[in-house]
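Take a look at the structure below.
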Amino acid sequence: MAHMTAVPALSVEGLTVEFRTRSGIVRALDNVSFSVEKGETIALVGESGSGKSVTAYAVMGILDPAGRVTAGRAMLGGLDLLSAKPSQLADVRGREIAMIFQNPRTALNPIRPVGRQIADVLIRHGNVPRNEAPAQAIEMLRAVGITDPVRRAKAYPFEMSGGMCQRVMIAIALAAKPSLLIADEPTTGLDVTTQAVIMDLVSDLARDLGMATIFITHDLALGGQRSARIVVMHAGHVVEDAPTKELFAHPRHPYTAELIAATPDAAASLDQLASIPGSLPDLRRADLPNCRYSERCPRKIDACVQPLPRPDPGATHIVACWNPLP
Amino acid sequence: MTALAATARHARYVIAENPVTGFAFALFVLIVLAAVFGPHIVPYNPLSSDTAAALQPPNMHHWFGTDQLGRDVFSRVIVATRLDFFIAVASVALVFLMGGLAGVAAGFFGGWTDRIVGRIADTIMAFPLFVLAMGIVAALGNTVQNIVLATAIVNFPLYARIARAEANVRREAGFVEAARLSGNSDWRILACQILPNVFPILVVQMSLTMGYAILNAAGLSFIGLGVRPPTPEWGIMVAEGSAFMVSGEWWNAFFPGAALMIAVFCFNLLGDGLRDMVDPRRRT
Amino acid sequence: MTVLLDVAEFSKLFPVGGVPGPIARLRRRFAGGPEKLPKVYAVDDVSFVINEGETVGLVGESGCGKSTLVRALTRLIDASDGSVKLGPRELSLTPSRDFARDPDRARIQMVFQDAGDSINPRFTAFDAIADPLRRLRKMRGKALTQRVETVASQCGLPLQFLSRFPHQLSGGQRARVGIARAIAVEPDLLVLDEPTAALDVSVQVIILQLLQRLKHEFGMSYLFVSHDLSVVRLLCDRVLVMYLGKIVESGPAAEVFAHPLHPYTQALVAAVPRLGENATERLRLTGEPMSPIDPDPKVCRFSGRCPRGTDACKTAMPALRRFGNRQVACHFAEEFLVQPKIAT
């Protein structure tokens, strides 16, 4: 299904982000573009240093102070999040776009009962009257599968397990029924059985609310489980963007293929696993090649020094490569 | 590259980046030089009185003027640097040893060690610190050693608490378990693994304590419980000179007071700079 | 196969809220209070063996007791009950605080989960690897340097990195330092506590292949603790599945994952994301695990969450029963033997 004439929930175009550090300028993101349709779930997959979290933080406007967006737009409906005024952003965050984070216990306010934290969002963004918010907060806790919500609403984050804290964070994020949810590695650190339940929960709620979801993860298998499309990132570039089944069946970018080959589940024995040759380029270099994977790529050809090919506007399977796999 | 060389390189970097730290460091060197070489280079003997030349305002012969006994204020201020600096360094060294070691042991071993150290610290903290210092010096006698001891005792709880907290955090750290697996006994872990991590944090505190120690000694001298005259010491000089402020001979109290201020200011700035240097978030 | 480590009826209990201090003890004696302190049954009556040259996987989720078990096996803490025999020697006779000086200390070593945390930030990589050699092998000077360099090369750590501090090394390099340190003294048993959990997938492959190679080269046994079932399946000969302090299943790794017998193992295997597969209808565990404090010895620990559970599960604790080379602690094991619950 090509990108339809319908307006996508979020459209990131040419996002370029730099960080000023003591040891130089880190070109964290370079011309990152992708979009999420309304109600669609996509996975943003990459290893550490790929820039996947930076992308989310830039879109939400919560980049580290040392980071700057030097180019690009992030269109949420008609609003460009990257050039919006702080007051516009404050309106939109929570109400239209919400985010859940990796470490649930540290993302929650440790000295405020969880019920109140949910109620805060309801009052600020959900237009719920102050006296009705606590009751609705309890309902949200029930909806995210927390047993005995009346008692739990008065509990503090440190009294709850990691899985429960994550559920609370989901409740907070979804309280105002946003149209887009960004989930940044929400299950890292959770047990695999809890992870499955949390992922199911997010999927179910997203389906019920018609909410678009961007699911950020380093785990290719996990990302592929519940997404319609996967966007693969490497060293600040989008290298491949394709429907999930097609990505696994016919990966076209060499990096994607290597990533699949390195994932334990794919191999029947340890010897069949292949690691990815080379290492990430230093993003502080002034002489970064146009294709940041080219220096470690086994399929490199002369054409690879030119700027990356422009993606075909109607294409469903986008590859940023001059010599992709057939 | 050894740990020392890496630290030195990082130190140079911090000083270069933050001029204030560089300034404080230069000032510190100046103070040390004054303390070491002061008595040898001053124009006048700080103890020799010349009542005929008493209470002269600052002039070409006496840059800081003379006091009521005709002694050159400039010489006295410079020579006093040695004594005040010695008091500062000695107090800080003593409290680091006492408080640092007690705190680290309390934090690492817990149990009775922790309880005893905690109670000692609580007892000390029950008193207003200066009053306690006064009491110790009054009871034991007006000597420089007792001033040093009193300052160290009064600062003990602070160092013990910092050291204890740091040791407590690191006691559970992976590298402590790894050290046990490598055959290190508890005492060896304390000395070789924990202390080197706690030391830099205490060093920052030490710099700040130096400023406090000088002020403490000056304060005790001011009320007559510190160093005895005619020994030149900034505190006594301010005390004696204050009597003359009203009648207009400001230089007696001003210059030693300014020296106090500059020294404390320098140590505090140095403490800030040291904190930057030992911050664990340092990067190459 | 020769048995290297024999663990029998091993238990470790912790008093809830920590060991009571003298005031609390006095208060309890005079002001009254519960007869016995409530205890957390972190590890409860666990028995297994590790043979020479074998890689045994230990799998289980947070709270299952594997960290506690591992710390007890490496003699960092003491057992509450039971025996741990290394060869002929009963290890639990020596208190853990004296074990650091014991001649057998070098025989059991550990690779930690967070390599960065397990290396003293003030030590260089060289110091970290040299430490056990200095303490346990009394090596010094030239011999020490040579040994450190040899071991570092064997672990694929370029020699110029030996003078670096942990924060100057990448995740993969730190992992190599941790491994080098652990194998420097040539242990018989190497316990690996989630050694690749913090690493990227591509680095993980390299480290796992390194571990495999080292094992064959030095003839060590591995106890590989992990929550990542895909990795355990690749590396381990046998696997033990723990839940709330007890072993619920054990057997050859490939078989346990292809055909899990215990309902908990089934849920665990079902929850692992598979490449290219959608998350379709799967066994999902609802609720939270039961409390590990003073659990009723007659109630199966998994009851309440178990999809197969019946009232029978609340009246008798299932024993670990043997079925060929498999062991399962479930009343309904026979059913699952015949009919696989999960198709792979």
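Annotations for the structure displayed:
By written order: A, B and C. Residues from 1 in each chain.
Keep this in mind: contacts are C-beta pairs under 8 Å (C-beta built on N, C-alpha and C of every residue); 3 or more make two chains touch, one makes a residue touch a chain.
Quick caveat, the model's predicted, so the values are computed rather than measured.
Seen from the C-alpha centroid of chain A, the farthest chain centroid is that of B.
When the C-beta pairs in contact are tallied for A-C and for B-C, the bigger tally goes to A-C.
Separating the centre of chain A from that of chain B, both taken as means of CA atoms, is a distance of 52 Å.
Inter-chain centre distance (chain A to chain C, centres taken as mean C-alpha positions): 32 Å. Annotation: 50 Å between the Cα-based centres of chain B and chain C.
Of all residues in chain B, those that touch two or more other chains are 283-284.
Chain A makes touch with chain C in their complex at residues 47-48, 147, 161-164, 191-197, 199-200, 203, 218-222, 224-226, 245, 248-249, 258-260, 262-267, 269-271, 273-276. The part of chain B that touches chain C in the complex is made up of residues 1, 3, 6, 115, 173-175, 177-186, 188, 193, 196-197, 280, 283-284.
Residues of chain C that touch chain A in their complex: 61-62, 171, 200-206, 208-209, 212, 227-231, 233-235, 267-268, 270-279, 282, 284-288.
Interface residues of chain C facing chain B in the complex, by the touch rule stated above, are 21, 71, 74, 76, 97, 100-101, 105-106, 109-110, 112-114, 117-124, 128, 131-132, 135-136, 163, 165, 167-168, 178, 181-182.
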